[in-house]
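Next come two complexes, and both contain chain A; in the first it sits with chain B, in the second with chain C.
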Partner chain A sequence: MLTPGFADPVLHAQAAFRAVLDAMSRPGRVQLAGPGLAPPAPLMRASAAVLLSLADAATPVWHDAGADADAWLRFHAGAPVATTPRDAAFVLATGAPPTLAALDAGTEEEPERGATLLIQVEAIEEGTGLRLTGPGIEHEHRLLVRGLPDGFVAAWAANRALFPRGVDVILCAWDRLAALPRTVAIAEG
Partner chain B sequence: MDTAHTEQRRHWMAVLARASGEDIAGRLATLPPLPPHTPLRPAETGLVMVRGRAGGDGAAFNLGEMTVTRCAVRLGERVGHAYVAGRDKRQAELAALLDAALQDPAWHDALMGGVVVPLAAGQAARRDAEARRAAATKVEFLAMQTTR
Partner chain C sequence: MNAPLAGYNFAYLDEATKRMLRRTILKAVAVPGHQIPFGAREMPLPYGWGTGGIQVTAAILGPADTLKVIDQGADDTTNAISIRRFFTRVAGVATTERTEEATIIQTRHRIPEAALREDQILVYQVPQPEPLSKLEPRRAETKRLHALADYGLMHVRLYEDIARLGHIAKAYDYPVMVNGRYLMSPSPIPAFDNPKMHRMAALQLFGAGREKRIYAIPPYTEVRSLDFEDHPFRPIRAPQACALCGSRESYLDEVITDDRGGRVFVCSDTDYCGTRVAAQKGVA
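And now, the complex of A and B:
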């Protein structure tokens, strides 16, 4: 059964866009997105808000969230659903995500075509956990992620070696999100 | 959904898309109030590209842009949609609400009799009057053919 999307499509999409912009420019900082949104399970508010703001008819979306979420995304975002993760501009993983190497990393001429992977995790918290360094971080930023897939840090190192190609990741936990743009280096704490 | 049902729905959606918001509201006022609904997509106005094709085998071309207002609401389990020409948001909201209610067997007959059929009759009468006015100015080119 379809549920409403953004109550005010313009203002709420702008607010969610701002949250993603802040998250991407300050990797690992937690932002809030999608207050008041009621997406169908298993979509979380933050990941739903990101897709409503960024996905449209020109960006195929791949997801593993089931039929209700599929109908909801098609209706509200108007985005085509990709059959494989490699064809998608946005990949939403509610369960075990596809490996980073299985996603579109863009080309040397057009690295901006690289996919954005949204991973729904149990919790994200600043202060402890992974050590993040890179552009947008003065010295080091620490981010604790509960529910990160196994082997993510190693796969991330391989993804970062592709620069300027690569995949960007947005971690979503309920209405909180933190971004890992392809420039950030991750070391386990 | 079977073909007959699709045809019926197409008919009432077409009638509602051609009626003004005031006319629909006027007809609805005579009926008991509809149950509360949830807006899924608030009425929004935008442009759609109208595409044309010359002949059966011509390539499609862009004819021009057209202002369209669309709306979607949920009434219980049923979802109603409306795409109407112009920027009348009230018309789009009422048309979407009625589309949802008309799919409900409990409401269908009352709304068809009270809203859709009278609106369709009014539209047919206007179209007929227009056709008569145009037909009165028709020129027969018979004379030119015989003198050639």
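And now, the complex of A and C:
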């Protein structure tokens, strides 16, 4: 039996979207999302809330979250499943994610086609850790990420060098999320 | 919060349309200054009434927001009142004329004088999103020029002004470079307002209804008015003080006071001016 989606599909989707908009506008700032959701494991509330608020029949989703999560996402978001990560508008990684270079980075004329990659991690905390600079950041934001994939910072530099093409990342940890739009520069702390 | 009108989805748009707009807005934030086409919906207001801005506002608005709408700086024009009334009816949100109370400010042709904060979003109504439209009418070609960051056409156009007139003859919609990459139209705001866009603490979103495009400037992003080393950009302002509040910093409108050609200059930002007048009365 499927657990419910948003209790209020209109207002909760709006709240989740504003959390993502705030996160994308201020890279590295932590937002809360999906507080009322109970998605099947290994889906976390924040990543479930992002997909419920943004994915639909127009956006192929690729994920590694297994059959229960698949049934839940299909029922509540109605998004088609992409056969490969490169064909997906949204990619959700609950385990080791596909490399950034394996995803759609859009084109020079239509960089907006670049995919959004959701990576589930163990924890995100503001104040220490990675040093982030770029649009949306007044001086520097710091973000500690527990469970960041190996080699991510180097792969990110290559992704950022593609600008305006590129992939945008949303890190999700339980009911918390932080975004890394393709413009952000990341240095190890 | 008032109860929204029955028979409408919250904020008028259906959820599929909101999701499409929200995805577009997020990618616009990720690629600052880049225009992204979207599938515009028919709105119950004609083009020219800010349908692009209205769709952006409808996509982001929630019940906790307080909405301010200005037209040429004023809250009390027909256009601003209509849009405020529309969102009161379809979303039941609180509205305000006070810049400092607003969480979302939808604007046509001005940026408020008060510095905006991190917890505010400025939504611009845009008639023509393409800064190169008068120089290159073909959309396929302007897309190519943006992809190449080839903005020679615009530099030539501005330099021709300098050669002919000694200065750049663009008082409104003065083109800017966003994050050092994309040439962007700031919409028909006075060039006086351009410096306010630079490293603004608030998120700036732009919606063009007829042309069906959205673009954005994230907070604290570099926004430079196009200029030349020997002809630096200078924001222009009438030299007078406001006849009501005495401000020498704000952008002024010239108002005809009688049929014998009498005229005065007053702040275009009515909330800024009214707040100053009230403070002066309080002191007196």
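Simple rule for what comes next: the second predicted complex is superposed on the first by the 189 of 189 C-alpha atoms of A that agree within 3 Å, B and C clash if a C-alpha of one lies under 4 Å from a C-alpha of the other, contacts with A are read in each partner's own complex, and residues count from 1 in each chain.
The definition used in the following text is that a residue touches a chain if its C-beta (ideal position, glycine included) is under 8 Å from a C-beta of that chain, and two chains touch if they have at least 3 such contacts.
Not measured: the values here are computed from a predicted model.
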- [ ] Could you let me know whether more residues of chain A are touched by chain B or by chain C?
- [x] C
Open item on the list: Going by the contact rule set out at the top, does A:His76 touch chain B (first), chain C (second), both, or neither?
Closed with: first
Open item on the list: Contacts for A:Glu188 in the overlay, against chain B (first) and chain C (second): which applies, first, second, both or neither?
Closed with: neither
Open item on the list: By the touch definition at the top of the document, which applies to A:Pro9: first (chain B), second (chain C), both, or neither?
Closed with: both
- [ ] Go through chain A and flag every residue that touches chain B in one model and chain C in the other.
- [x] 9
Open item on the list: Quick check on the complex: what are the chain B residues that touch chain A?
Closed with: 38-42, 44, 72, 74, 77, 79
Task: Residue ranges of chain C touching chain A (in the complex, touch as defined) - done: 9-10, 15-16, 18-20, 22-32, 34, 36, 59-63, 118, 143-144, 146-148, 179, 181-182, 199, 201, 203, 217-222
Task: Residues of chain A touching chain B in the complex - done: 1-5, 7, 9, 75-76
- [ ] Would you pull the chain A residues touching chain C in the complex into a rising list?
- [x] 9-11, 13-15, 17-18, 20-21, 24-26, 53-56, 58-59, 89, 107-109, 111-112, 114, 116, 135-138, 163-164, 166, 168, 181-183
